[in-house]
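To start, the structure itself, in C-alpha cells.
Each chain carries a letter (A, B and C) given by its place in the written order, and its residues are counted from 1.
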Amino acid sequence: MQDIVILALNGLAWGLIIALIALGLSVIFGLLDVINVAHGDFFMVGTVLAWVAVDVTGSFAIALVLVPLFGLLLGAVTERIAIRPVLSTIVLTVVSTHGLGLMLQEGVRATFGATPRRLLAPVGGTVTLPGGVLYDTYRLVAAGAAALALLAFFAFQQRTRFGTWMRAVRHDRETAMTLGIPVQRVQLMTFSIGAGLALLGGVIAAPITTVDFRAGIEILPTCFMAVIIGGLGNLPGTAAAAVLLAVTEGVVSAVLDPSAARIVSLCLMSAVLFLRPHGLFAGARA
Amino acid sequence: MSALSVNRALTLLLLIALVAAPPLLGWMEVDFWLVVLTEILIWGLLASSANLLFGQVGLLSFGQALYFGFGMYGVAIGIDRFGLGLWPAMGLGIAASLGMAAVAGLVAVRLTWHYFAIITVVFSLIFYFLALRLKPITGGDDGLSFAAPPILDWGSLRLTLGDDATQYWFVLLIVVLAFALQARLRASALGRAFAAVREGERKASLLGIDVLRVRWIAFVIAGGLAGLAGALFALFGRYASATHMYYTVSGEAVVWTVLGGAGTLLGPAIGAALLILVREELSTVWEHYPLIVGALTIAVVVFAPKGIAGGWNLMLARVLGR
Amino acid sequence: MSVLELEGVSRQFGGLRAVDGVTLSIGSGITALIGPNGAGKTTLFNLMSGLLPVSSGRIRFRGQDITKLPAHRRAKLGMARTLQIKQVFAGLTVLENTWIAARQRHRPLDPFRPAANDRATRAAAEAALETMGLEAMAGRQAGSLAYGDIALLEIAMALATQPALLLLDEPVCGMSPSETERTVARIRTLSATTDVVIVEHDMDVVFGLADRVVVLAEGRVLADGPPAVIAREPAVREAYLGEDEEAA
C-alpha cells in the first residue's frame, strides 16, 4: 500500500513537471501551428543548464531564475531563425525543429559531455506524510513548484493584456490581425514562453532525473500525448492529461515493472485516441 | 523538351551510374563508399514509405519504424530461429510488416493529421518497448545477430552478401524494383484516388471514393515498403535491434522525405542520400558533425520549402518556360 | 416515379432541430430548395448526400433504402453533389479532376493499369468538361482557375460520375452576372438528362430554372409547388422573400 502511495506521488510530481513542458508545447502548437519536435530538447537543455548553474554558483535558486530566462531568449532566437520562415507549412516546422533538436543535443554533447550526471536536490531528506508514509521532500517541493508555475501561467493568460492577445491569436489569427494585435510579436513571444516553460520544467526536474543529452528524445512522446489526449488547444486539459498519464504509469508500475507500465499506458492512450479522438475532455462538438 | 523527359533522362543516367557504381568506385579506390551507398538505398526506401503516406495520401506518419522493425525482426528470426533461407526469411519479414500494418491501419486511418501522427507514434512505441522486453524472441537490448544465408546457391553459381559488390547489386535490384512499383502505382487509378483523398477527402467521398479504404490500402502498402527496407537492413547488418524501431527513426524518414521533396518519386531517396553523405563526409573531420547536419536541415527547409526535387522541378519549369 | 424520397427526416444538433421531420418526394426536372438562412437547406443536403447521419427518418434513393449508407456508397448509386464552398482537387489538372470522378464506376482502385491508357474514362471525363464548356482548360491546374470556372468544374466532376440525381448547393453564389447566365444555361441543358435539386439564394435563378420550388423554414417544409404558385403564396413572401429583400 505504501509503495503505491509513493509511486502515485512520484507520478503526480512527474506529471506536474510534464504538464509544464506539455503546456509549452501546446501553446506553441495551438498558436503557431508548429509541431515542435525540439521541445523535449528544450527541457533537456534546462536540466543541463541547471546542473551547470549549480556547479558554478552553488545555488539552485540562481538556476531556477536564470535558466528559464535563458529559455525565453533561446525560444525567441529560435522562432526568428528556424520557425518564422517556415510557418506556412506545418510539416516544414517538424523538419526545421528536428534540425534544431539535433543541434541542441550535439551542442550539449560537445560541451557538457555524453556522460549522464545527477544533480543533488537542493532540499534533502524526507517528510512523514499522513498515514506514516515517508516521502522525498524535494519531490514534494518540485510538485509544488510545478503546480505554482502552472497556475502562474494560467493567471498570466487570463489576466494580462498579452495573455488576452495570445488567446485571441490562437482563436483566429486573421481577426486578431484586423483588431490591430501585433500577431508576429505575439507569435515570437509565445514560442519564447513555450521554450521558457520547457526549460523551467528542466530545472525543476533536474534533481529527480538524470541530466543527459538524450533526455529530450525520451520525454517528447509523453508530452505530445498529453497535448493530444488533453484536447488540442485545451490547456487545462493538457495539464490534467499529463498528470493522469504519469500517475497511471506510476501506479501500474507498482504492480508491473516500469517498462510494462509504459506499455499499458501506451495501450490506454491508443484506446483514448480511438474512442475520443478530440481529447479526453472535449465536449460534444457538432 | 518537356520537364518530364528531362527528369526521365536524368533518372536513367542515375540508374546507369548506380548499376556501374561497384567497378567505378573500385577504380577510384574508394570502395568504402559502396557500403555507404547500400545503406543510402535502404534508408531511401524507408523514406519512400513515409512519402507514400504523406506525399501521396496526405497522412503524416511518425511510425514507419514499426513496420521497418517487423521486416527486420522477421528476417532475423526467420534465419536465426527457424533456419530459413534468405528469400523465405525476407518473405516472412514483409508478411509480418504487411500484417501489422493491416491491423494498425484499421485504427489509424480513421484519424487524420495530428491524431494520425500521434497514434502512429504510440503504436510504434508499444512495439519498441515490447521488443525490448521479449528477450527470448527479439534478443532484447542485445538484438539478434545471424549469419546471412546465400542469395543464390546453384552449385557452381553461388552469390552471397559477403561480397560487398554482390550485396550492393542485390539491394539495388530490390530497391529499384520497389521504386518502379511505386512509379507504376502513381500512374494508376489507385494513384489518382490517393491524390484525390489528399487534395480533398470530402470531395473524394462525394464522388464515390471510399476514403477510409483508400487510406488503409496506402497504409498497408507503405507498411510493406518499410518492412522491405527493414528486411534489407537486417540482411545488410546481419543484425536486428530495437534501436531501429524507435520513433526517432520514423522521424528521420519524414525529414528525409521533406528535404528531398515530399510527393516526388525520388525525393525521399535524394533527401536520405544528402544527409547520409554529409554525415559520412563530416564525421571523419569533426566529431560534432550533427551540429552541421542540424543547421543544414534548417537551411534546406527555409530556402527550399519544396525540398530538393521540388525545387529542381520548379527551376526546370521556369527554364523550360512551362 | 420519384428518385429520392425523404420520410420524416430530422437532424438535431444538441438542442437545435436543424431539420425537423421533412417528408419530401423528389421527382424529375429541377427542384429548387429555398428558405431563409438557417432554414436547414444545407443540412438537408448533407443528410441526402450522406455527409451527416440523420437523427431520425428514412431516405430512399431509386427505391433503395440508403438511410445508413455513407456518402461514397450513395455516390456510387448515382447521387452527385457539389458543395457550397466550392471544392475541387486544386493540385491536379482540370482533366484529372473529372477523370477521377468518371473512373469511380469502373475498378476505381486498380493499382496496375496506367491511368493514361484508360481511353473510355478519358472520353467520359472530356465529355463532362465539354458539357460545362471547360474543354479548353483541360490541361490547367484546377487551383489556378477563376472562381466561376472552379464552380463549373465542380459541376463537371459531379456530372462525370453519370449521376441519376444531382444536388447543387448554391451553384452561382459569388459569380458575376455573365458567369451566372452561362451557368444557368448549362444547368438547364444538363437537366434534360439528369434530375437536379438546387439550393439557391438568387431568386431570379430559382424562378427562371425550377420546375418545382420547395420552401424550407426552421427545418420544416413551408410550401411546395410550381414556381408560379409559390411566388404568390403569402406565407412564403413573409417568411422568406420579404427577408431576402431586406438582406439584399
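Here is the rule we go by: contacts are C-beta pairs under 8 Å (C-beta built on N, C-alpha and C of every residue); 3 or more make two chains touch, one makes a residue touch a chain.
Every value quoted in this text rests on a predicted model; they were computed, and no experiment measured them.
Trainee: What is the touch distance from chain B to chain C, in steps?
Mentor: When the steps are counted carefully, the minimum from chain B to chain C is 1.
Trainee: Whose C-alpha centre lies nearest the centre of all protein C-alpha atoms?
Mentor: When every chain is reduced to its C-alpha mean, the one closest to the whole-protein mean is B.
Trainee: Just curious, how far off is chain C from chain B if you go by their C-alpha centres, in Å?
Mentor: Measuring from centre to centre gives 43 Å for this pair.
Trainee: Would you mind pulling out the distance in Å between where the CA atoms of chain A average out and where those of chain B do?
Mentor: 32
Trainee: Rounded to a whole Å, what is the gap between the Cα centroids of chain A and chain C?
Mentor: 48
Trainee: Using the touch definition from the top, list the residues of chain B that touch chain C in their complex.
Mentor: 184-185, 187-193, 195-196, 198-200, 202-211, 213-214, 217
Trainee: Spell out the part of chain A that touches chain B in their complex, as residue ranges.
Mentor: My answer: residues 29, 35, 37, 81-82, 85-86, 88-89, 91-92, 94-96, 98-103, 105-107, 109-110, 217, 221, 224-225, 228, 232, 259-260, 262-263, 266-267, 269-270, 273-274, 277.
Trainee: Give every residue of chain C touching chain B within the complex, in rising order.
Mentor: Touching chain B: residues 49, 51, 70-73, 75-76, 80-81, 83, 87-92, 96, 99-101, 103-105, 107-116, 118, 157-158, 161 of chain C.
Trainee: Contact residues on chain B for chain A in the complex?
Mentor: The contact residues of chain B facing chain A are 54, 60, 107, 110-111, 114-115, 117-119, 121-123, 125-126, 129-130, 132-133, 247-248, 251, 254-255, 258-259, 262, 287-291, 293-298, 301-302, 305.
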